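Note that the chains are named A, B, C and D in the order they appear, and that numbering of residues resets to 1 at the start of each chain.
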Amino acid sequence: MYQFLKNLDRRWIFLSMLLAVAIPILMRIAFPEVVSKQAKMVFDAVESIPDGSNVLLSFDFDPASEGELLPMAQAFTRHCSAKGHKQYYMALWPLGSPMVDKSLDTIRAEYPDLEYGIDYMKFDYKAGGEAVIRMITTDLRGMFPLDSRGVSLDDIPMTKNIKNIQDMDLIINVSAGDPGTKQWVQFASTPFGITTVSGCTGVQAPQMYPYIPKQLAGVLGAIKAAAEYEAAIDEVYPEIAANPKAQEAKRRMGPQLVAHSLMVGLIIIGNCIYYVGRKRGDV
Amino acid sequence: MKKENQSNGLIWAVVFAIGAIMLIWSMSTSRTGQVWVTPVEHAFTETGVDEDGNAQWASIDAADATVGDIEWTTYSVVPDSQLTPELMESGTVSLSWSRTIGLWLAAIFTLFILSFLVGDNPAYKFAEAMVVGTSAGYVMVIGLWDVFVPNLLGKLMPGLVQSFALPGIEGSHQEFWWLYFIPAILIVMLLFQLMPSGGWISRWPIAFFIGITAGYRMIGYVEADLVAQIKAGIEPLVAFNGDGGFALWPTVNAFLLTIATLAAMVYFFFSIEHKGLVGKTARVGIWFLMITFGASFGYTVMGRIALLAARLEFLFGKWLHFIPSHIDFSFAAHLDWIILLQLM
Amino acid sequence: MKLQHLSYLSMIAICIATSQLFAESPAPPTGLTITDTPNDAGEACDLSWSMSPDDIFNPIRADEAEPNPETIVSAYLIERMTDDANGAEISEEDRTWRKVNEASAGSSTWTDRTVTPGWTYSYRITAVDNQKEHSEWCNGEASVTPSMQAFNWSKGWLAIFMLIFGGFVAYFINEARSGKKLWVRKIAGLVAIDEAVGRATEMGRPVLFVAGIQDINEIQTLAGLTVLSRVARTAAEYGAQIEVPTCRSLVMAAARETVEAAYLSAGRPDSYQPDRIHYLTDEQFAFVAGVTGYMVREEPAACVYMGGFYAESLILAETGNHIGAIQVAGTAMPSQLPFFVASCDYTLIGEEFFAASAYLSNDPLQIGSLKGQDYGKFVSVFILVVGIFFATLTNFSDADAKQGFAAQTLSFITDNMLGDAGLLPVSEGNTDDTGDDS
Amino acid sequence: MKRLVPLIIAICAGFVLIIANFIPYAQEWGSTAQEWFNILAVGAMVLGGGNLIKLHLMKVSAKNKGWGYSVVTIGCFFATLVIGLSKMGVHPNPIYPDYDWSGYYLEEGSGLWWIYEHMVVPLTSMMFAMLAFYVATAAFRAFRAKNTEATLLLVTAGIVLLGRTYAGVWLFGWLPESMEWLRFDNLTVWIMDIPNTAGTRAITIGIALGVVATSLRILLGVDRSYLGQD
């Protein structure tokens, strides 16, 4: 047993990881969620501003991170739509524009009363990352003379009186890297004091903690926090709770749990091998 | 290090067997990998001319379109939940061959990449060659349509760009438009690198932007990461309850936070030898850095598994139609079994 | 007067009162002041006013009874008129009052960012209730002409810090230039690079260098290129082959200059092969696919990762581990450090990575900059400790003593030095309008 | 000469931008420069793409091992480029139907969309998802309690891993209320709030200082490795 584990072909580990994720997906296992402090802070940031506030949603991720961030982005969209916030969508990643489109599709399907140009609108992708952020903090039209459909901002009711993003009441940033939350904090939230919340990948989340609460009003880290955020929304908005599409993140927590316990198991086994090996003197 | 071959055959056999069973099972029970679409007609008619002499168009019902109007058809995907056998036979929806082939290709390419885990093989090499070529072409296309056309051509030749690619922009030059000759010239200078002898000219644009980067980044980092982080670190060491009483745990936490921050900063001093008190402090600093890394690792694992889950959902759901539609929360009661099975 | 008459009169009075009640408009906001936003390019004006007494968010209403439901303020309407356009033609629309904003109830400030520098504007404000009834207009006390400031004083301390940090670095570079020997501790892992290149030479296998996946407009990439210069030089001296796939075209162009110069300074310009420094694709994971493919096929003996890395770090490091290469990594991406720490032989953590680029060059001038960096750190620690000391002290003093020395010093450190409140604290008589606690 | 002029250019550009940050009049110069950089980066793709094609053509003509894969790369590159640049299958923008080229280059159903959706997305996101496997092997192989540092790393990782799932709540559900802080989900919150914040803050401040020193080395002309030879 020891010899087998010591010389274990790493592909057996690959296979067990594949099964640990695949089986819960095929069986659709899910577990209940308890809303944590961070998820509550983010929820409150969106909930506490008056209905109809200006909210900028920047979706800075691409299909590669879709599995981790799309449920979170969708939850933000549903929450803002239910609150009737004016939603301004943008994407700083070249492949991020289709991610915004998925949110617009959600609004069209689930909130047919909301109208493009009055309740929500979309800016097209612009290259430049943080330069875009810096520019739109002072001059929105300099960067985006047109919306994603090619219409001038002056002809869109909800952008007519917006000079720059300092007119936003809240920035929601869903980010998978650079440009992302760090750049929004550096160039929009810190210098201009615009309330900002972030939904980011698990890998970024620990780096965002020092920014809380002054530079960031809250952080959602990865799919677990998205599931908690969904649970927080469910408590206040029963119509969202009844929508199976709004439970994506919770469903994704099934494979998470099994895979995480596999990881812990692997660490323990690895250390047992190490311990036994050291006793036998062959390390 | 090379002991792969002993179990190579076994692993391949296991992988192929599972895959084949799933594929056959899926194909015998559902419309594996099929995409059905419904056509959407678009028609536009000219309504007049605006003050600049540009034609104005309005969307009309396709049935009313006449000669001179513009018409085209797009297709939208029918969601699986709505696709019933009656609908499929009614003729209003049709099987989209291009999207069906695309879906199969996407699934096969996903498996090709996955096969790298078993070992380097022709399938992975093929996928690798393809992804490098495709994505290099793709980023060039994006660069051209998203940056080059609107931000350079659109500034230098707005009339031309307005007339063909971006009808929404102003057709006349903006103030200071001639400044955009600078990046155009810089590009030309950069391309001198292709010359055998004039390569040194390409250093000018590179040096220009390296200088810009140095100046521009420095300020950003000092403002947001240095000054703001020092400010964020200034918190009282002693905490009180709301009623003025001494709060033990918040005080301990505040002390720990401060000591840990300072200790970790000491680790990064380069001109002091890590001996004696400094050495011990630096050691404590490393401990806190390691806890930070551990936490970061744990968080990241979560993200990575979500990504894998999304890809498997694509394979099992969109392609093979395997995933049941209900969510099962009852497994929370059997958590002990799941964890036990894992540890086996 | 007869009692009957009195009751008639009172009935009439009630009628008048109720009819007025239905047409009642809210009380107007008061004291509209307009100022040119300080420290900007003259493109904004700050407006502030006192809320209408009928605004339920008005703090002076706090202990009053139920508000009159007919006159609850729902919004403030702000109008603007251009008085003077600095000689330019004023459009018809700008010459009359026109709506520029509708601020929600409970707000008492707004910044108009649609102004043109040098023009002169007047403002007026009214409260609107739920029945769309307007209050009387409150006119701004004076018109305002936004103008551009020459220097942004809110960033005054930032400039001072830049001078201090820059001064230290420049001073020690100068020290080193004048021949003074500066001591810097050994950074573990840097020696390993030479070792790794040496081993690659022995085994006749290439050295792989990846300078991150960011473009040259990132400092990390520049630091990575400096390390590359050293690695390439060692490789040239040993006669090892170096392979540099890049994720950006400009990095390829810059890396070629760097490596060519390194080969030249090692005295072997003829062994320089520009095609070994090549572009793959901008797409992150396509790039990784290409690099890992190269790794399993060519099996480089040493892999050096120096630059800005993202998720690809672990794919690279695990593949490198699988092929048994010596791996040295350095990055300032905190999120990727755990993976490099876990999978590589040596890892340069954050600041060490930047230091390494100086350390490796063996250039006394560059090492001088490290010393300056340390002094910068010392200043940071000092401010942090002093700030925490005064914050703790302030916390001990009771609520009445908030104006004491400790509190004032603390506010000077956090608001002026580390904040954007300007060079010096605002004088005593002027403190009432600084509502922000940023 | 070949090094001096670019050095002067770099120094001037850098210092101008530092000063511009404090002058309201010039505060947008940095953004403008970054916009130019993006334009240059697109122009540089001619260098990069050209180099990619050149290398693979050389492989094909020399019939190196695996030259067939180079053919695939070249073919995919040009196919994507032609389809994307010609906006194959893209309809005009519905607001300007008479402008044939006004449509979005990634419109659903168009040629480039097909490539993006069925080739770029599955290939790159599967490559990303491979990380799930690599973290598992890294954890198994590298997380060994060799010394205090390594032990801290792996114990923290284990707590956070369990604390961020329902298992963290479930495993310690039996703890009395006074001991609830020991539950893994609460411990995770504490780890994130205290040690993680401290460690990250120290790293962040250090990096900022490192950036200052590195920038100054460039701006003072001490580090000129990027300038090539004379």
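By our rule, contacts are C-beta pairs under 8 Å (C-beta built on N, C-alpha and C of every residue); 3 or more make two chains touch, one makes a residue touch a chain.
Just so we're clear, the structure is a prediction, and the values are computed from it rather than from any experiment.
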item	value
Joint neighbours of chain D and chain A, given as chain labels	B, C
Reference chain B; chain at largest CA-centroid distance	C
CA centroid of chain C to CA centroid of chain D, Å	19
Chain B-chain C separation of Cα centroids, rounded to whole Å	23
Approximate Å spacing (C-alpha centroids) for the pair chain B, chain D	9
Whole-Å gap separating chain A and chain B, where each centre is the average of the chain's CA atoms	12
Multi-chain contact residues (two or more partners), chain B	113, 116-117, 125, 127-128, 131-132, 134-136, 138-139, 142-143, 147, 151, 166-168, 190, 193, 203, 206, 209-210, 212-214, 217-219, 221-223, 225-226, 228-230, 232-233, 258, 261, 265, 268, 289, 292-297, 299-302, 304-305, 307-308, 310-311, 332, 335, 339
Residues of chain A engaged with two or more neighbouring chains	10, 14, 17-18, 21, 31-32, 64-67, 127, 130, 138, 150-151, 191, 203, 206-207, 210, 222, 224, 256-257, 259-263
Of all residues in chain C, the ones touching two or more other chains	158, 162, 165, 217, 219, 222, 250, 253-254, 257, 280-286, 289, 297, 311, 322, 334-335, 337-339, 341-342, 349-351, 355, 370, 373, 377, 380
Touch-based graph of the chains, sorted into line, ring, star, complete or other	complete
Residues of chain A defined as touching chain D within the complex	8, 10, 13-14, 16-18, 21, 31-34, 36-38, 63-67, 95, 97-98, 127-131, 134-135, 138-139, 148-151, 206-207, 209-210, 222, 224, 253, 256-257, 259-264, 266-267, 269-271, 274-275
Partner chain A, residues of chain C touching it in the complex	43, 100-101, 104, 111, 113-114, 214, 284-285, 308, 310-311, 322, 334-336, 420, 436, 438
Contacting residues of chain B [partner chain A, same complex]	3-4, 6-7, 11, 14-15, 117-118, 139, 142-143, 146-147, 151, 166-170, 220, 223-225, 228-229, 232, 292, 295-296, 299-313, 316, 322-329, 331-332, 335, 338-339, 342-343
Complex contact set, residues of chain A against chain C	10, 50, 64, 138, 161, 163-164, 166-167, 177-178, 191, 193, 203-204, 206-207
Complex contact set, residues of chain B against chain D	42, 44, 46, 55, 57, 59, 70, 72, 74-75, 98-99, 102-103, 105-107, 109-110, 113-114, 116-117, 125-145, 147-148, 151-152, 163-168, 179-180, 182-184, 186-187, 190-191, 193-194, 200, 203-219, 221-222, 225-226, 229-230, 232-233, 253, 256-258, 260-261, 264-265, 267-268, 285-302, 304-305, 307-308, 310-311, 314, 332, 335, 339
